[in-house]
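First chain A sits with chain B, and in the next complex the same chain sits with chain C.
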Partner chain A sequence: MTDITATMARCEPHMPGEPGIWIFIMGDMLVFALFFSVFAFYRGEQPALFSASQATLNTGLGLTNTLLLLTSSWFVVEAVKAVRRGSGKLSCRLFFLAFLCGLAFSGIKLVEYNEKIAAGITLTSNDFFMFYYIFTGLHFVHVIIGLVMLVFVMLTLARPATGEQKVRFVEVGASYWHMVDVLWIVLFPLIYLVK
Partner chain B sequence: MKFSESPKELIVWLSLFALTILSWWLGEAQGGITGHDVEMVTTAIMLLGFFKVRLVGMYFMELRVAPAPLRLAFDAWVVIACAAILLVYWQVQLT
Partner chain C sequence: MGVLVTIGWWLLARFVPPPLPSWGGQEIAGMFAANATGIRVGMIFMIAGMGFFMPFIALISAQIHRMEGSPPVLAYTQLLAGAMSVAIVLFPVMFWATAAFRPDRDPQLILMLNDMAWLISAMPFAPAVVQNIAMGAAILGDKSPARIMPRWVAYMNFWMAVLFLPAGLMVFFKTGPFAWNGLLSFWLPLVAFGIWFNVMIYALLRAIQQQPDG
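Moving on, here comes the complex of A and B:
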C-alpha cells in the first residue's frame, strides 16, 4: 500500500497531486469564469443575433463531446485508483482509454470547425461566433495539452519504478484532465443550449 | 475508506451521463415554449451544469477528501461562476 492510500484509509485530508497544480487549476478556472460572464453579457446585448447564430450549431456533436469527456474522466478516476493499488499496467490501459476519448473529442471538434468554416462562418462573422471560436478554441488548446500530459502519465506508468512520486505525478495529470472536463461542462450549455 | 472497491464513482459517472442528456433534451425542448418559461428552462440547464461540475469536483477530483481550503475554493468558484452567469442573464431578461 502506498503512503497516499494509507493516508486516505485513515480518512485524513488528501490533496491529489501537489499544491502547484491546484493553484494553476483554480487560476485557469477563474479566467474561464470571466469568459462565461463576458459571454452572458454580450449575449444580453444582442439576444436575437446570438439565438440565430446558436441555432446553426450542431448540438448533437456538442452533446457527444460532453459525454466523451465525462467518460474519459471516469476512466481517469479508475486509472488513479488502479495505480494506488499498485496495478500500473491496468492504470496505463485505463489512461489509454481516456486518451482515446480525448482524441475522439478533438476529432469531433475539428469536424465541427470544418462544418462552420465550409459554411463561411469564421471568427469575424459576428460577436457570437467570435466568442464561440475563442472560448471553444482556448478549451481545445487545454484538451491538446491534456492529451500530451496523458501521454507523459502513460510513459511514467510504463516505467518499472513505483512509489509516492509516481502516484503524485499521475494525480497531477488526472486533476488537470478533470479540469478540462469541468470547463466543457459549463461551456456546452452556455454556448449551445442557453436561450 | 477503500476507494478501490467502491462503485461510487461509477454511479457518479452514470448520473453525469443522464444529467447531460437531460439538459440537452431541455435545451431542445426550449424551441416549443415561449415567454418566461424559456428563461426558467435556461436557468435549470445552467444549474444542472454547475451541479455536474460539483459532482466532478467532489468525486472525480477527490475534493471531498481534500484539505478544507481547497474544497472551499472550488465550491466558491462553483457558486460565483454560476451566480455571475445567471445574474447577468436575468438582469438582461428583466430590463
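Moving on, here comes the complex of A and C:
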C-alpha cells in the first residue's frame, strides 16, 4: 500500500512554468486562430488570387525557416531536461544554440521580405500579401520577443544560485518558445503550401 | 465610465459599428447631418466618462507603487501611458463634436475630421502597450510576501498588449479586417479593452481589500 501511495505522490501533475504563461499562450493562440480563420474566409472568397500570389512565395526559404524553428525547439527540450537534471552549463549552451537558430530564422525572414519588396510587392499589393506580411510580421515580433526571453533565460542559468524558481523561469521561457514554433507550424502550411 | 462611454459612443452617436473608411465626403457629411444631436450628446457623455477613467489610472499606479517600491519608475510609466490614453481618446471625441457642430460645412472637411477621429481612436497603440507592459512587469517583479496581484494578471496584461498592435496598421487600409471598422483593428482591440478593464477592476478591488490599513 505504501508503495502505491508513494508512486501516486510522485505522479502529481506538474505545470511547467507558472499558470500565467499558459494564460498568455492560450490567449495568443486563440488570437492567431482568429487570424487564421479570417485568412481562410478571405481565401474562400478569392481562391484564384490567393493561389496565384502564393505561387510567388519562396517556399524554399519558408521550409528552411520551419526546419530552423523545429531544431531550435528540440534544443530547448533538451535544455529544459538538462536544467531539471541540474546541468546548468549544458542547458545554457543548448539555449544558446536555440537562440542561434532563432537568429538565423530572423535573418532569412528579412531576406525574404527584402526579396518581395524589391519586386514591388508590399502589404497593400493585394489581400493575400496583406495577410502574408501582417501575419508573418506579427509572428516575427513574437520571435524577437522570444529571442529576448532566451537571453534572459541564459542569464538566469549563468547565475550560480539554483532553485525551483529558476527552473520555473526557464520553463516559462521554453514554453513561450514552443508556442512561437507551434504558431509557425500552422502559419507556414496555411500561407505557403495549402492550395 | 463603461456605462457612460457605452451610452455615449454606441447608443447616442451610433459609432459602433464605425462608418466605413471607404465612404467619401458625401456619405460622411450626410451621417453627421442626420445624427447631429445624437453625436453631440454622445460626445458629452464620452467626455464625462473619460473623467472617471482618470482616478482608475491613478489607482493602478498607486498599486504598482506598492509592488515596486522606490524609485517608482513603473508606476510613473503606467501613469504617463494611462494619462496619454485618456488624452488620446479626447481628440477623436472633439473632432466628432466639431464635425457635428457645423454639419453643413464642406463635405471634404467633415471627411477629414472623421478620418482624423477614427485613426486617432485606435491607431496609437504605444500608450496602451506600454501601460500593459508596465503593469505586467510590476506584478512579476513584486517581491512582497503577500502578492498584491495574482501573477496571471501580469500575463493577461502582456496578452492584451499584443491585441492592441494590429490596429496600428489601419492607416494602410480602407477595407478589410485591418481597416478602422475591421475585425482586427476595431473589434479585437475593443473586446480586448473590455476584458482588460474588467479584469483590472477585479484585481484592484482584491488588492484594496487585502491592503493592510494605515
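Operating definition for what follows: the second predicted complex is superposed on the first by the 186 of 195 C-alpha atoms of A that agree within 3 Å, B and C clash if a C-alpha of one lies under 4 Å from a C-alpha of the other, contacts with A are read in each partner's own complex, and residues count from 1 in each chain.
In this section, contacts are C-beta pairs under 8 Å (C-beta built on N, C-alpha and C of every residue); 3 or more make two chains touch, one makes a residue touch a chain.
Since the model is a prediction, treat every value here as computed from it, not as a measurement.
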| item | value |
| --- | --- |
| Clash-or-fit label for the pair chain B, chain C on chain A | fit |
| Superposed model, angle subtended at chain A by chain C and chain B (C-alpha, nearest 10 degrees) | 110 |
| First, second, both or neither for A:Glu18, with chain B first and chain C second | second |
| Which of chain B and chain C A:Ala40 touches, first, second, both or neither | first |
| First (chain B), second (chain C), both or neither touched by A:Leu49 | neither |
| Winner by number of chain A residues touched, once chain B and chain C are compared | B |
| Chain B versus chain C as contact partner of A:Leu90, first or second or both or neither | neither |
| Partner chain(s) touched by A:Met130 [first = chain B, second = chain C, both, neither] | second |
| Minimum C-alpha spacing, chains overlaid - chain B and chain C, in Å | 14 |
| Overlap of the chain B and chain C footprints on chain A, listed as residue numbers | none |
| Touch list for chain C against partner chain A, complex | 150-156, 158-159, 162-163, 165-166, 169, 172-173, 176-178, 183-184, 188 |
| Interface residues, chain A side, partner chain B - complex | 5, 8-9, 11, 13-16, 22, 26, 29-30, 32-33, 36-37, 40-41, 43-45, 47, 59, 62-63, 66-67, 70-71, 73-74, 76-78, 81-82, 84-85, 175, 178-179, 181-182, 185-186, 188-190, 192-195 |
| Chain A partner contacts - residues on chain B that touch it in the complex | 1-4, 9-10, 12-13, 16-17, 20-21, 23-24, 26-28, 30, 38, 41-42, 45-46, 48-50, 52-53, 56-57, 59-62, 65-68, 70, 73-74, 77, 80-81, 84-85, 88-89, 91-93 |
| Chain A - residues contacting chain C, complex | 18-21, 23-24, 27-28, 31, 34-35, 38, 42, 123-124, 127, 130, 134, 138, 141 |
